[in-house]
């Protein structure tokens, strides 16, 4: 994902234009469909837009799921049949949208960000949902399908989802997308704890890059998840006629989860900032300590080297005043005594000052 | 406690599912019950859910307290009898919830965080409360029971608690949980003062880790206590029919305490940040000072060593121009004078510059 | 652009005075005009103010565009004909205005900032728009004309712009100005990614200046774009009679884009701050590492130099106690052994401490 | 004052319990009383609670002032006679309260923080006020009496205070407490200016501790004064029946002062933070400079020492290729030329680089 | 100006007391008066308060301007005649007030801060305005008169000021005070640009003090100008009967300018903070670089000095094992080869590592 993280039409393009983006990752688009109500369940995989048409006419609920990078033609086709607003379709195509909830005559359009924690890196894909009275169309911009658990609940009739309206299905999908934040944050939490361990044990240059990466990932994650809270809040508050009172109770629970995730994220950001401080401090400490020991060693030997230099001088010993020590019987031992005294004196001094 | 600090169901699980979490600390669950009114008091310890049933049917007030990690089956059983909402039960089970107050038809559900300061570390457990017209069910996710003082007040009929409704009991419990913040912050305050002492006297590597730990603890504490203020405020403001006007006055006092605790917490956070600055500065000062003294010592001896090197040269003294000093009568003394002059000159210079 | 970025009249000047600013970049002013409705289209380039007059009297929509630094006389002339408010005209002349939307009896006055990313530097020009029931006058304070795409849409009748009112034209222009933020931010994003690469590979003094420049550019950009969000919001919210309901829907989309741009900008600012931290840290690390290696080398040779100094002393060997090693058969080898032992010992010690 | 700065009852204590705190500074409690109206004035010092009773029954205004640490029995006694709410009395006893204004049936209860600048340190005491229709009871938790100026105004009938109600007396006391912030901040201002002087002249280790202390004092001061603004605002806004319209005008003035004090405090906090930055930078600069000069000195002598070492080698001069310089007539002078050239070359180089 | 920047009465003084402050800069007070309406204009300079009286009685508009430090007696005298509120007069006397707008029965009282950029330093004086139906009294606490441009507009009848009410005059004065911020900020902008230049070219100790001074000046400026925005907003919003609708439009423009000034100020503060970062970094870089080069030089010579030391040893060459190199024909050359190899080897190594 580029840093911008967002596809956009060139400035000046008429709003609602559906332009293909050459993002080099055009996987085959897969459309699946589930037709259900309390007593009926039919599932179709890998069908075409045209095959969806008859299902939309029936009174049973229809969930169309479009997996992969959307193509302008498919979108246009779907949009025609379901009367989806062009501005909303543009947002489906230009992924990297800020999460939002908007209503277009009788329809609700919701954009969410689905975070994923793969190989220690964060990956964010876009989930776009159109909700009408008896249909829900979902788009997911990545390759792997996150909605299988919901499909299974419908298929196996766990919970009461089958007997409820599209708002309950909407809640199930939103809930899944929001809750996806927990394992992601758990992954971050583990990464932080490992880093803290590493930080106090043996910080190195690599640690800095990892902390920087962590901070950047949290920054991106926060930008994409922060508005999600507001999206659910607006679903709760704006009283759209498609959302029933009972669903509202469940959305409140969802809102709660979204807030917990934001709280955690903020804590992690603070922790990452704190780790940077500790890194800077302990890495500087460590380097200074090295320098201190090195300098101690050098400093120990410089004064006695001076003494050795003294007695290496070649003054003319014919004068009795010149270097009489050289003629002493124990002159050499005397010089060693001085030199060792210097070394030991410094050692004691350093020890006393706790520089070792 | 893991950094996430929160149990959660896997994304896609139907909301309200009660799943067991393998947290490796499943202590025996203990249920206790107090049945009381103005003139009656009965206390039962270590009873089963089924034994609670007859007490719930009576008009006297019933306080059921569940101590320890809740088990899905127990919760489910209790939920059935008291008609507790499944979403609320899920929150009881998935501890580490953000404090909140929610109302489900005729019932009030309150989640609080109970901080504890043990062995210099912070530990946070979850208190969940269900309040109905004539019962209160409390859950506490840790081993030790914090509510004994309230039980004693009921038992010994101190204060007017026995003559009042479940809202007064709710206030007594909330008040106790909030006020628990004061000794915890007092503990932090002492830790900070010790650290400041240590910081100005002899900061070492360990100090950094302790400051980092302090900041992290305050971060976690803040995340868990901050919403508590809002919880009490919503109890005050939302005018739930279970909360009477007189209790409201006492809750206002409670709210006041919650705000004072948050104020203190913010001050402590600022102090911890300030301590980090001082640590960084004084540790860098200390190391620099060491280097300075070491370098001063080395610098004192390098110039005279150069002089000694000069007179250790072996130029052919047959030329009168070569090293005449070596033939001087007081050549050696002369060299010492030069060398000592260098050393003393540097010492005076360093002293003048206050580098010692 | 000076740091102030804003032209202003001297304090005490009567409000609404149109004073020329000697900004040394008075390019020829170019006025162009488009007269259109659903079925009619006429385009005039490089015309005078007086030539505009007849077009204004017709019921068809008139779009007058003034390109380049406005001159007081031209503005005054235009203002007279279109009854533009003097305070608004002052704002057109004194470029560097904060984006704003204001209404003067029946007229809407909108000021926007148009960012441009040229040669790695940011450049911001002012777009001022007067909107009446059947005319729109636009001013752009720079040399190059950004509105060609809109002109082309009118000319070639792409989209439905020709059939709608001046509010649709207003939206088209605002949309274009806002969306201009995306390529600018994309440019910034690439600059940030290059910088991050450079930062981790080989940071140098230049990198610091570039990060500083980036931060400053983002600061200026933010100051000029931040209020834009509020401008669109006020167009949406204040319910000016010139803005129709359908246009409102499109403006909402525009508002969305403005928020995304601000979000990205904030992320970039955080990233730039993070990069500064990394720069400081890694540059200090790098320098410290150099010092460490240098000091290691010096420290390796100082102790053996001391030994060499010892055996360079000239003690009188007539005393058997003086320097007997000099007379040993393998004295020289012995000294080498000691010296090499010292070097190797230190090397092993340094290796063990991982100082290499 | 401990860092917590607040007395509290153990968690679980019934609200409104009056418990004695062993704070080791129980000075004798002094109660004084002033009975006044437009034409009457009586002052009593050092009286007992029981002696106050008859004065309370009269229609003249009664101001009871309790100086020193309150004792539970005295409070209880006073509370009984004046029907003061137990929760309020608890707040009087547990000093270190957050400033607040609360109303209990017909009574107003106000808590304020009175800062004091003694010997360069800040000291904060609590002022608690109960206001009824014809009485005002004030408590001050420190030894020295701050309210003498108001007493004097009543005694000498300066201003119109004698002819007005208890709300005017309340204003006079609140005004005095708030305005006490000005001399305190003036003291801080002088301290900051001295520090800045010291900072730029000769910063030392002590300076750091002083800046840290200043920041901490400002932090504590801010925590205690910040809510004061809100207290006055609530007196202004809540329209308590005891506060008359004319007094409101004067309270607005008071509010203004409170805001100015907060503004100044924030500026001082920013300045203190700025000073820390300057300290860190200039202390690091100073140390680095020392190291630079030292290293310059050492570096000057190392290369010539190498040359001296060369000519101190003992190669066998029987080979004409070995050390011919030693036999030169001007060999010694030659070596000095080389060595001095090295020293001078380095000096010129260092000078050119401005390293001196 | 002291750091507190504010005169205040001692705590406990009755509100509204007019006390003289010994600020050592009591210049002669100058009162001037302009009497005007659409067709009449009279200007009086240096008159006494008593001479003003007859002008106040006429229906024409009267503008009394008091220049210099106000004296209590003059204020008291003026206050009596114009029925100015004592609290407002106290604010005129105690300069350094926070800008504010207050209304006292039928009168509007406005306090503003007038910044001035003299000799690279900021100076702030207080402008106080009383506005009634047919008079405006202005006070300015400094020596030089800023209002001459407005006086000239009245005198020469430029603009429509003469034909409008006191609210238009109020706007003219407020506009002038606010707009004074632009040249001040332009001055700051130039100072910042010079500093940035200096910063990247040759930062020294002086630069730090200048940045610190700049930050402090911006802090003071911000504290005094920030509330100004709110003042104008309250004039706009509170709908005081003295402010007419047309003036409101002009005040809106004024408000706009106030916001632009605050925006710029915030940007400058951010830039100043950024400059401090760059200063710290580049000054530390510069010092480190010096140390690196110095250490490189020292490190180059230490290893060959060791070699020279070796061949300066005096081992007894009678043993063939002792120092045979000394006897080699090319021993000396051999030693030079080794030493040069060491130096060149290190140079190549350093070059390769880019340490030069």
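A few remarks follow.
We just call them A, B, C, D and E in the order they show up, numbering each chain from 1.
Here is the rule we go by: a residue touches a chain if its C-beta (ideal position, glycine included) is under 8 Å from a C-beta of that chain, and two chains touch if they have at least 3 such contacts.
All values reported here derive from a predicted model rather than from experimental measurement.
Common partners of chain A and chain B, by the touch rule above, are absent.
The mean-CA centres of chain B and chain C are about 41 angstrom from one another, to the nearest whole unit.
Rounded to whole angstrom, the centroid-to-centroid distance between chain B and chain D, based on C-alpha atoms, equals 26 Å.
Counting partner chains per residue, chain C has residues 280, 284, 288, 291, 295, 298, 302, 305, 309, 312-314, 323 touching two or more of them. Starting at chain A and stepping first to chain B, the chains sit round the ring in this order: A, B, D, E, C. Across the complex, chain C meets chain E through its residues 2-4, 6, 8-15, 87, 97-98, 100, 102, 104, 205, 208-209, 212, 215-216, 219-220, 223, 276, 279-280, 283-284, 287-288, 290-291, 293-295, 297-298, 301-302, 304-305, 308-309, 311-314, 317, 323, 325-333, 335, 339. Partner chain E is touched in their complex by these residues of chain D: 148-150, 153, 158-159, 161, 171-172, 175-176, 179-180, 182-183, 185-186, 189-190, 192-193, 200, 249-250, 252-254, 256, 259-260, 263-264, 266-267, 270-271, 274, 277-278, 281-282, 284-285, 288-289, 291-292, 295-296, 298-299, 302-303, 305-306, 309-310, 312-316, 319, 321-323, 346, 353, 355.
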